[in-house]
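The same chain A turns up in both complexes below, where it pairs with chain B and then with chain C.
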Partner chain A sequence: MSSTQWAAIALILFVVGVGIGYMAAPKGAAPAQCPPCECPPCQPQAAPQYKAAFIYIGPIGDYGWTHEHEMARRAVQEMFPWLNTTYIESVPPDQAEGKMEELISEGYNIIFTTSFDYMDPTINEAKKHSDVFFFHCSGYKRWKNSGTYFADFYQLYYLNGLMAGALTRTGKVGYVAAFTIPEVVRHINAFAIGVHEVNPDAVVLVREIGAWYNPDLAADAAESLISEGVDVLAFTEDSPTVLQVAQQHHDRGERVLAFGHYSPMKQYGPDVCVSGQIAHWDRILEDILAKIYSGVYTTQNLENVDYWWKLKEGAVELGCADNEPINPIFIDELRQVHVNETVLLPNGTVLENPDVYKLVMARMIQMGVVWHPDTGTYTFTNDECFDPFTGPLYDNQGHLMAPEGQRLGHDALWTMQWWYQNVQGPPLGGG
Partner chain B sequence: MQAELISSVLWIGLRSGTPLLLATVGEIYAERSGILNLGIEGMMIIGAFTAFAVGQATSSPWLAMAAAAAAGLAASLIHAFISIHLRGNQVVSGLALTMFGLGLTSVAGGTFVGAALPREARIIPSPLSEELAAIPVIGKALFDQDPFLYLSILISVLLWFVLYKTKLGIVIRSVGENPAAADALGVNVYAVRYACTALGGALAGMAGSYITLSLRPGWVENITAGRGWIAVALTIFALWDPLKAIAGSYLFGIVEAGTYNLQPLGFSQWLLNAIPYVLTVVILVAGATETMRKKMGAPAALGVPYVRGEK
Partner chain C sequence: MRLVVEKRTVASRRFSVAVRVASVAAALLTMAAVFAGYGLDPVRVYGGIFSKAFGTPVGLAETVVRMIPLLLISSGLALVFKAQFWNIGAEGQFLAGAMAAFVVATSLPDLPPHLLIPLMFAVGFLAGAAWGVPTAFMRAKLNVNEVITTLMFTYILDWIFQWTLSGPWKARETVGQLTYSGFRHSVVITENAWLPLIEGTRVHWPTLALAVAAAIAAYLVVSRTTFGYELRVVGDNPEAARAAGISYSKVVSVGMIISGGLAGMAGVGELAGIQHRFTAEFLTGYGYDAIITAWLGGMNPVGLLVANFLLGGLVVGGDYLQIKFRLPGGMIDMFNGTILFFVLAFEFLLRYRIRIRR
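Now for the complex of A and B:
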């Protein structure tokens, strides 16, 4: 039976070869490579003092959440010559502690964990390794050497909602949600508040798919919403699928519009992508790493370090392409729709009955960002005088959740488990 | 309103079922000749990737599809060589092929992430005729699809005809049932098995190309999302019959498409997401026992390497 043995050996060699090939292949792009250079900055001056490792929940090829974290990692790697970085992708939460141990034993002394599900593993490791910096994205548990950070989209979802309310012709707006955890509920409600402000009769239909990254389920959910008459879609899922579905309908001559999510996704739906949300994690990482390097942060003082960055810090950007808050092909249509309200800008200007394009820009100014269409740039005023979650707010059962003029605080936003009045979604609160 | 809803569920269901159909029919041929190929998922994603790359470079969907078929065929030859020539364990080899395909496309696809497929390279459904497509409930699903979908039905019917109504079909089936007897009658068992495995690979590659060219035009890692495994189960579900595979694939597609319309009625998404897999598990379990397999008509020599002159 030597032939069977030969077959087994061939097979083993094949699998091993595939394995080696996979390991040896360059991981992603290669920012760490020096160009064949004489340039001085590329010469290793001193041994890098800091080694930062990133643990990702999904593949860097998702073109969503993990992809944007990876872009930020590459950006800070470029930015700081004293920094060495690495990453591990697609790490299930139950393996996170083991991976952190491995990385720490390899000498990594700053660990970034980029999923809510890594919260407890991160804290456990932080307690074990008091000389290592930990930063956990999207959680709320901290330790003396473990901080938290998050770039929040809810202001952008509100702005997207204003546009969705103006552009829907069926009065039905759809939302494909990964999970109905507080973060996503907050985003859906912010979106729904925007829709309601412009179009009080419109409803927001929500489908929950039960996965952060699952293009198939996202497509099924989007198609199901469209089959119920939805003509504008927003989503929380880590791929451009929902946008692609909208574009596919457009290609068949049907009007279905959508908003991008996380990455500049306009190329997936150039005719249907109205706007969206883009994350700039590098702004936050830059700040964290610079403060570690300069000694502002130590492994003793991170207990109260919580980055909750929004529009005014530049951690998030409106649009489905960089430096383009609204797809130009929709601006005229947005200018046709007027909203019966009065908006007071920080500089004293009063807008009466603004059209939706003006309203979006005005709200953005009220949240600390001024867009200059002539130069295609933003300026930041760090002045936030408006928040979408300002009362009166009713849930979809008719309960008053915030009285007139009251603004929901951090905790109310981070534990949100109720639907805004115009939302038709799955039951919340573990139900 | 209700009719419209059912009409779009059927429409999407047929689209979702198309890659399943092609891959299943391909696997039916491989298994009918006695080769169990669990590498469908790998060949499919290699096809999907090739189609995306070629589609982006040439803007020609048909060229992309042909290239995907060729790539799937090439990948299947690895499995054919190991299982036919080296008489290796077909389960292990097939699994290795799946892992190979997923790993290779994940590495090679790094630069494609974020790139969209140009419009000309996509296959877009359009009505055969406005009147037929306007028939309530079934009009859209039957007469408002893309040419690739009709082609896949045509291929399946044709392959059914070959398998059951021609001498070639008898030869293929006999090789899967009793290769020694077929060999004694002068059939080249190795050639038939190579050809059938290669056909299976080409169809799996085409199935993958439908995903990137029509169903989800773009590239993300793991874009086939387990469809190859569903095809393995569907092969059993269809009792190794291409015509039944048409019904099975579309049933799966429609179930997948319809689940989210049940969510507003209070069904949890966890339950809904599980339905296709529960179906798969039930079929696989049913097909797992020897007596059941015999009863269902599984090829008797399935997964058994053929050695000339050995008993």
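Now for the complex of A and C:
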């Protein structure tokens, strides 16, 4: 045998030896539930009963999607003393099953998978581990021990669209989209419906970048939209890039406004961020975990458990900062634009030709949330009497997609592959 | 007194192994300093990584899952690197193989597994080779730097792939009463095309067997055949090779067929053994990680096995950094980068001798 081979075998033996040595070594903290430090009143019987693990598609530092899931994980960790949590970030879908196996072998018995592409891996693992709870975010496949959940933004995008329609001076509104999957198309269309309601002549230009997290491409797309005359931008992508681009233009003396997405992003564009969408996944997680703990949910009855939470449940919030639905510097401008329509509030109040600020607040009330500017708080009425996806709705080819008065249902929204009439976007569908 | 750098004519095998081991050790020491900077005991961290990746059944199986494509790709890379031909585009050749296998599996879904699976591997090999060979041709005939072309070919194919996913290969699916195609993924390939797994794991053993065979075969080709000799001469001394009548274009083309083909087969294994469908995130960087292990393992089957097993384990054990020690997920990429950095830096010592001259 050559010396190379001897050296290689020596290296293998070394590695295996280290591993075995570590395994065989006495482990100080392993048998007792009580670590030697950090827990003076040792109560082994109060040890966590549930261990929940989160699998994230992106880095926590994206300040978008994954960041908000992580905030929710920390919130429920604080909330429930019987719960122990962990996470793995930046997990490509092909490795999700392997990571779930590793987590389950570490004793985790509630697995949250937070990206659409984890759908099949989650179901596969649920079938393999019938005693573990699984919850998949944003998908539609369920199993007896695997539920689904989603905090939907389309109502917020509609409210953002109302403001965008009022604030655009060029009549061109831009949208940077990660992928034109149904969820994003639904959000763009809701946004476009809002724009159209206030400003029937304005158009919505869409750029698809083909990545959930790619700040470079997002910046390119935003710049390209601005060069085409867009002066208000919204986006679905996991970084604050679009907001930063708008702020740079503002700093050069140009008027480009934008909306935040997913987290309170106002700090990235304090002078340009009009409003936006904020997720509160902790509301949903809290409900799921409390029901697991109290025995309402078992590993036998999740087949029909599907959370599709919106404004009225408090799972989503309007704004680009917490408890600030609209950036105050834009309120006066919104008050000067009036819309020629009549809005009926649930308490019987009738608004004639409201200004856009009032219209936004009125629509929010119609979707179950009342904002109190004096106290800076929200109350929830749990009463939804308005939906942006109510007919007549035409696509941009002129087809009638919903007749007068008809509201699109869950399946139509979850499979949406057509553009609203004022949208100029990439072709959809295929196959 | 000054330092002088001289070209080293021959490095002994013992010395080259020692340099490679030292380079890994230097990388581990550097990362130990990073862990210490996070306030963690490096011994505990490394103990955790190694016991997780090599000491538990689940960890060991996942390490092998990660090793399979790396071993296949790096066997081919190590071979073509012998000719000093730098194929940086294994990621694209991997994708070419997977895409070709997908076409086979979706066009012949009723073929029984014992015919379909070998056919997919064969077509995958050809597709990977076909995607690699033009770069060898451009290098040989037009003297275009292959580092650029192989990398660019990967980007070209990746964009074609992304287009197919949003167009012709986009799957139609049903939600409630509605059929539509919205999500950027393909259909799931027929179960006839799924590779058998070792019970209770995700180890697709046919690809594992192919990978081990490829590592041994590549070694035998380089060390025992005329072609292997030509490969080495072209790499060590292109002038001498030309003088001896060895055709540069033939040598690098055949080298690229083998290298691209093996990467293509790794792509087949990934599609048929693990993912079963394409998503926008099908590629996870095996083609790039295999460059590290091809350097580290050298043209030696045992070396390749060890290097790929270690790197696979590092990725699996790296999860432990997150689960147990709360380190950021990017740490494992930093780990890989540090290893590559030191391997390449130490390579200098194999080629040059540093002397102190008075």
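The rule is simple: the second predicted complex is superposed on the first by the 384 of 431 C-alpha atoms of A that agree within 3 Å, B and C clash if a C-alpha of one lies under 4 Å from a C-alpha of the other, contacts with A are read in each partner's own complex, and residues count from 1 in each chain.
Everything that follows uses one rule, which is that contacts are C-beta pairs under 8 Å (C-beta built on N, C-alpha and C of every residue); 3 or more make two chains touch, one makes a residue touch a chain.
Predicted, not measured: the structure shown is a model, and the values here were computed from it.
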First (chain B), second (chain C), both or neither touched by A:G210: both
Touched partner set for A:P59, first chain B, second chain C, both or neither: both
Touched partner set for A:V185, first chain B, second chain C, both or neither: second
Chain B versus chain C as contact partner of A:G98, first or second or both or neither: second
Touched partner set for A:E228, first chain B, second chain C, both or neither: first
First, second, both or neither for A:W82, with chain B first and chain C second: neither
First, second, both or neither for A:F380, with chain B first and chain C second: neither
Partner chain in contact with A:T415 - chain B first, chain C second, else both or neither: second
Touching both chain B and chain C, residues of chain A: 3-4, 7-8, 11, 15, 18, 22, 59-61, 210
Of chain A, residues touching chain B in the complex: 3-4, 6-8, 10-11, 14-15, 18, 21-22, 25, 28-29, 59-63, 67, 205, 207-211, 214-217, 219-221, 223-229, 239-241, 244, 248, 251-252, 263, 267-268, 424, 426-427
Residue ranges of chain A touching chain C (in the complex, touch as defined): 2-5, 7-9, 11-12, 15-16, 18-20, 22-23, 53, 59-61, 86-90, 92-95, 97-99, 101-103, 105-106, 116-117, 120, 140, 179-182, 185, 210, 410-412, 414-417, 428-431
List of chain C residues in touch with chain A within their complex: 13-14, 16-18, 21, 46-48, 50-56, 58-59, 62, 65, 162, 166-172, 175-178, 180-185, 188, 202, 270, 274-275, 277, 279-282, 284, 298, 300, 302-303, 306, 309-310, 316, 319, 322-323, 328-330
Parts of chain B lying in touch with chain A, wherever the complex brings them together: 1, 4-5, 8-9, 12, 16, 78, 82, 86-89, 92-93, 96, 99-100, 103-104, 106-107, 109-110, 113-116, 119, 122, 124-126, 215-218, 220-223, 225, 256-261, 263-264, 266, 268-270, 273, 307
